[in-house]
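Some structures to go through are shown next.
What follows is chain A paired twice: with chain B in the first complex and chain C in the second.
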Partner chain A sequence: MSELLDVFIGESRENLESASQELIEIQASGPSSDKVDKIFRDLHTIKGSSDLFDIKPLTRLAHAAEDLLDSVRAKEVDYNDEIGDLLLEALDQISMWFDELENGTQNLAEWQPISTDLGAQLRAFIDPSQAGANTTEQTPAAQANSSTNEIVDSVASALDAFDVNADIALLSKSASSDLYVIEYTPDEGCFFRGEDPVNVALALPGLRAFEINAPAMAADADVYQCVLKITALGEASEDAVVTHMAYYEGQYTLHKLTQQALKYRCKDKILDSVAQLNDEALNDALKTARETGDTNTLQSTAGLLVASQTHAMPIKAVLSFLSSDIDLTFLDDHKQVGGPDDSADAPASGADEHSKEGLLPHEKELLTQQLALMSSEGYSAEFMFPSISILVGNVLKQTFSNEAELISAINAALEDVQNDIPEIQDVVETTNATNESETQTAEEEASQPAKAERQAVKMLKVDQSKIDYLMDIVGELTVAKNSLPYLAKQAEEEGGSKRLSKQIKAHFSIVNRLTESLQSAVLQIRMVPVSHVFQRYPRLVRDLSRKLDKKIELCMQGEDTEFDKNLIESLSEPLIHLLRNSIDHGIESPEDRIEAGKPETGRIDLIATPLDDSVIIEIRDDGKGIDPHKIKLLAFQKGVITESQLESIDDNEALQLIFAAGFSTSEQVSDLSGRGVGMDAVKTMVSQAGGTIEMQSEVGVGSTFKLLLPQTMSVNRVMMFEVNDQMFGVSMDAVVETVKVPTQDIQRIRNENVLVIRDKLIPLCNLRDALGFEPDGGKEEHSILVVSTPQGEFGLIIDKFHEGIDVIQKPLEGVLAGYSHFSGTALLGDGRVLLIINVQEVLSTCL
Partner chain B sequence: MPVTYKKKVAVLTGHCEIEEAETLFSWLTEDASRQLNLKTLTTAHTAVFQVLLCLRPKVSVQPESSELYWIVEMLQSDNNKVWCE
Partner chain C sequence: MKTVMIVDDASTVRMFHKMLVSSDDRVVEEAENGVEALEKAIGTPIDLFLVDVNMPKMDGYRLCKEIRQNELLRAVPIIMISTESATQDAQRAYQCGANFYMTKPVDADSLKSVVSAVLGGS
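On to the complex of A and B.
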């Protein structure tokens, strides 16, 4: 994926997110111009940047959405929920396409119909009469018509509106079958969107002719309002035109027609024109061509007539059409009465005989070039005509014997052209004069609406990997810093210099302070407000509640609570699971709620509260709650608990059973949640992020899920201790206290070592056994590390306590990855590796 | 500067951006006898073309650029139709 695409997707995703957020807000609290404006700008940005890449369907869809919003903004269209839903759908579609782009699995052919369909739906709101018309007038019925060589009325009227003879002129200029007429009326405000309609029209593929309708402007007119109407004729496939006009959807109507249909339409005109010309050679050639299919003669005759005489526009067009390589079968469809057929009975003249030989291809080419030269804008009769006439004369001499007749015709044509010029100048002068009288008294006042400019945000976008790298370096620095105390110790013990040791220690405190501030600064960079994740949820809640026909209100608190970015990302999934659960299983249907005496609309609270170095996230619903007895029974049925546990387990413990693997409380599995993997997965994800989850519930009142998560996952404070001369660590969060007790204080109850501290019974676990070391018998005093776990407090019997230390915990990799006893490793200042114990796992093997 | 305003004639050079449209429009409407020299004009924004097509000022020198054949034709004829050759 290119870097540019990367940036585009990243930025556009932000735009998408903010747009859908605003949309949700609009749906909740009604439209406000600010919000519509913001969504409009977001979509505008996406549309604009997407054009850098070859993803036209996406651009078109974004454009359609943007246009709809523009109409809403201009109060031309009233906002309603249907529009909102459709816009959200469009945003979702775009987001899905971004996914495909990121994975490189995009298939534009698949995108196309989706884009067309959604785009048409969006545009139907702007102009209901155009519903389904989209960009082309061609409906299936119309397509059927065109195959029978008829032109749809709308196309015919568009052609006629351009010029009465537009059909024949277009026919004479087109070579391929796909022709089009496009009526492009740019929006008044299109200049402000950076559009340049005339140049767009000029660049239309296969452009053959165009008209720019420009009304006279009053002197106080706004020059930045586009008042032009452009009609263009050309030959190109529908696709090519639609692609070219992708940006201007909704501003143009495209009429498609085939050359064949045009030929049939022009048939009468062609025959009439030939009759008007009353040229025997041509008539005869036309007749021969129609009878024998030999069009060579006809082409050369018509070509010569074009070159030799000045005709009215339609006749000229007919002749140039006839001179091209054509198929005349269409002329025979009906036998024309009168005209060429009758008059062509006359015997061929001498000239005709010559013309039958036909012009050689290079001669024809030469004549065509001269013709082009004469009608070019740079044509100047005085300078160019002599050379042209000589050339044409030479060519004609080769073919014709009666040159005198031809030269006189050419001279007549020259006269005609020169007579025409003063006439045109007169017209121009009169037009100017009228404009002058209109405009002289007027004053100049053209106000330029200020362009809405987005406020520049003083933000710096940095690749996350750079921050991660910085974090790693800080981690290394922390480790390096930790080696200073060792150095001090060494200096004292081996070097015997207490002074040096003291100096090193003093220095350590400075380095320590700086490292800590550096570390917290880097951590700050990685901190993002939890709203980053939260803002996706209103949409989720809204969608799901509609799907389930429930009424649910989501209230969020503490969105500005900050979290480590990595943590937040790992948090998103479990929260979605929990929310889904609350929506699906928690909140009752409106009828049930009314019956239960609750308000019809259910409420889900999503609350983030900072607590020291952790954050508590609560998801609270006021639904039907969870019945612990039901859970107990289900857990027993599914074999999650034994019969004895069924008896002994208390309500709170029963509730926590929903986090057990393979447990689903819903009798009916729905597509939202309730596959029995959800809660288990949630718990795993939360504990992977170093957090804990618990739930409380009261039947009929609601349930609360409480997640306790560390604010950062990068630096851990661990307590070091020694077992069998080896260093281990345990997370400082788990440590409750450290005690040293004489051996006789340890009691045995039912084969378990226990210790009573301050009237509290604490089960003990000997780490030497648990970690597989030789037992160390005959100690008089034991060091015990009391740790807290969700199951209560436990004591770990160890050999020796060490200090607490900040470490960057690394996950176990390679051969160590299988050891569940350890949660990670860290590097100590003196180069040793510290294994960090996973207390829960160790206890489960030990007890 | 794409547009140089002289006493009677404004000379349009190269590509005329949209920003020129406003000044050009007011300059042309101030005095209807003012003319345009399009000799070295190559392209222009629609807004500029719009001023030319709506006000139809006298053109003292036609553009040399073949790209602009159509504006010449349009300003010379009474309709704004052009067939591409």
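On to the complex of A and C.
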């Protein structure tokens, strides 16, 4: 029970979140049927699932909300903000109940009056009279009438996308009633979510034909945006298609197709092919052969057709008839069991005999494939035709062991098509009638979309701890794999076997590649779009701006950008803080804005942009901006900077001071953003996630916070070095350069060791001292690792540089956790533990 | 007499395929990679290529393209045999000029019959 409840709550929370997101959007941009529909479905799902549990107040409230939305959807009730607020309230209430359910603290008796009250308020918007019920009954009927033509047109236009080929012609002959045409327009950002629309279409159940339409792209078009339009035709039940497309709801239209509609659509093509076949000079010979049966005057038809390398059409036509328009049962059923060899032994002759011959499945497959190649987009006759013609010629010659048979087969095909013509004409004549009945069925199908879509929710949910565990194992594998080069070295040095060493290295490269793919695959699993976090913000902005009587529009971009789930979650807090900051301090009150000549409504942009392995998140407001001089003065007053710095730092540096510890621009702590979390806390959280933050601002124009974050947090590159014969590591991101300097170049200023590199003064810290090792005097040359910190660049005096390696950093645990000098440990390939130093902490004790 | 060229970097696979396609009226040529295949094809008229995808030096896709652009070889049918069963791999093979695509490990009977069909009689 509890497991089921967990699943229900998890799923419903997603529904709630998506519903409230849509509601917010409606409040911003007005209602659209899509959005109302979406909210309706979300609530419908919650209501439906809650029925499984005995939580009647929740079910009833969800039901009331669903009914109201249904009325809005049916245009019986006009949507207004009041409805929106009430719905949001209902969603909040449900969400709170979910909290209680999760904690096991629910008290259904308390819920009851709330449910009744909110439910009544919701229902108050719905006209309860009988007249209302009548209109609901009428509406679908009216819709059916008005949309009849629309549906015919939409099916026709969907079918237009196809070059009617063998497969489609074949379908028109099949007895199946489950035919569909789907128009799938993948979401523009689908590539960023790692979707592969073409593959989705290719995997459609019972797929028979499929076309991709990619519009010509402008030179400056965004190549990462998906602009494809895919139309596919297949044979499968509607349910199966809807299930398959579950993830792409809203991105496709599904049409049901009848034989008549398909035949009608194909008629021109079939007639065309016949005409073309008749017209082709080459096929005159074929016709003569058909009429006279005189094989001596003609070459093997196959050979003849094959010989015409200039034009693909004859062979295509023959193939197309062979594989489709000929009654395929004849090809399958009448094939002699023994295969082509038998037929060669007992060659059949004359038209009557041909029915004993036919294509074997693999031959048919070969031919069908050649046909597909010739029909495929980008088919180049020069490139492919020669081999296709030889292949087809071979297959045909073999199967129809004498020409007469082949000719008969083609005859039959032609006749078959000719016979089809009156039938097709019949279809043409009766089209109007059939169209009508067909659209009715289509309409019936269409009237139950909710049902179909409901069952489309299908997702594999995995406990995050399992993925984390998998990641851990991958991490260990990475380490284990690193031991191979050591082994190779050992084999060479101790075992003296160069060959073995080489083999180990060869294996290492394989294992290395596999590990890397495995690692990136696991990292991919952990990736979720930032919308995961972003979608909470419209609500936040709306609530806060209402509280402050400000008008603010939140524009989000790049919500599809993907991020490691842990990272995203650690980001949620700092982003909220930055948003609050922009709302509270950035955007002015409407009056001030009008006075400043700005639009009354302020605008906050939240933009995520992928950049290599990182993601940039920008929070941009068009508010009053920050004056760097004020910041400088404040920083000086608060003792963050010294008097000399007051004069020396430039405006940009001054702006970054707001991230310094002990600095807050707000003189009085506000209810909203002054929650004791300063910008320094934001900065700390961002750097813990391995990112950086900077701020740009222009007085009167606005401020921008720019966060640069790694896309994944799992693998770190560290630089290894040696102090007192022990290995240490330092994050590669911090390393600026490595230098070796003679001892006399190290100068002492105010009792501190410093080094001048390119006219820049670099304070030095001897790691031997800082880490508590014995001093190592009398060295003529020092190795210095220059690292960058927020306080500037510093030099660490070490003993020896080593290479950089990729490691999985683990936090210090137990007793070691107290040693702030180290940020973590990593295991080296040879089993040694690498301590990774925390540069900031080490420097603070050293200087 | 028809000549089949088997191009695969794994000698076991070549041996297996050779066993399957050999007959009295067929000669089998072998090559370890695309480059070798093209070199050997210069002197010998080839009637069918059986091509693996993943090979050193020149992979199967490249080889297909090279064959299709080669005046002497362009008409020779190509059967591509790959470990990849994904649709896009097959599509890529076809785009590169393969006439047929089969997935490893091939079913012995299918390979035999497909080869017979393509060569026109066994």
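Following the convention adopted for this analysis, the second predicted complex is superposed on the first by the 457 of 847 C-alpha atoms of A that agree within 3 Å, B and C clash if a C-alpha of one lies under 4 Å from a C-alpha of the other, contacts with A are read in each partner's own complex, and residues count from 1 in each chain.
Rule of thumb we're sticking to: a contact is a pair of C-beta atoms (placed from the backbone, for glycine too) under 8 Å apart; a residue touches a chain by one contact, two chains touch by 3 or more.
Because the structure is predicted, anything quoted here is derived from the model rather than measured.
Colleague: Pick one for A:N107: touches chain B only (first), chain C only (second), both, or neither.
Modeller: neither
Colleague: Figure out whether A:N199 sits in contact with chain B (first) or chain C (second), or with both, or with neither.
Modeller: both
Colleague: One more residue to check, A:A209. First (chain B), second (chain C), both or neither?
Modeller: In the superposed model, A:A209 contacts chain B only, not chain C.
Colleague: For A:Q744 in the superposed arrangement: first (chain B), second (chain C), both or neither?
Modeller: After superposing on A, A:Q744 lies clear of both chain B and chain C.
Colleague: Compare chain B and chain C by how many residues of chain A each one touches, and report the one with more.
Modeller: Ranking chain B and chain C by residues of chain A touched puts B first.
Colleague: Quick check for you: in the superposed arrangement, does A:Q370 touch first (chain B), second (chain C), both or neither?
Modeller: So A:Q370 only meets chain C here.
Colleague: Considering only the contact definition stated at the top, list the common interface residues of chain A for chain B and chain C.
Modeller: 198-199, 202, 372, 376, 378
Colleague: Where on chain A is chain C touching in the complex?
Modeller: It is residues 198-199, 202-203, 339-341, 344, 360, 362-363, 366, 369-370, 372-373, 376, 378, 383-384, 386-391, 393-395, 397-398 of chain A that touch chain C.
Colleague: Mind pulling up the chain C residues that touch chain A in the complex?
Modeller: 68-69, 74-78, 87-88, 94-95, 97, 99-101, 110, 113-114, 116-122
Colleague: Touching chain A in the complex: which residues of chain B?
Modeller: Listed in rising order, the residues of chain B that touch chain A are 18, 21-22, 25-26, 29-33, 43, 45-47, 49-51, 53-58, 62, 66, 69-70, 72-85.
Colleague: Given the complex with chain B, which residues does chain A contribute to the contact?
Modeller: 162-163, 169, 173, 186, 191, 195-199, 202, 207-217, 219, 221, 223-224, 226-228, 372, 375-378, 424-425, 427-428, 431-432, 435-437, 439-440, 442, 444, 446, 448
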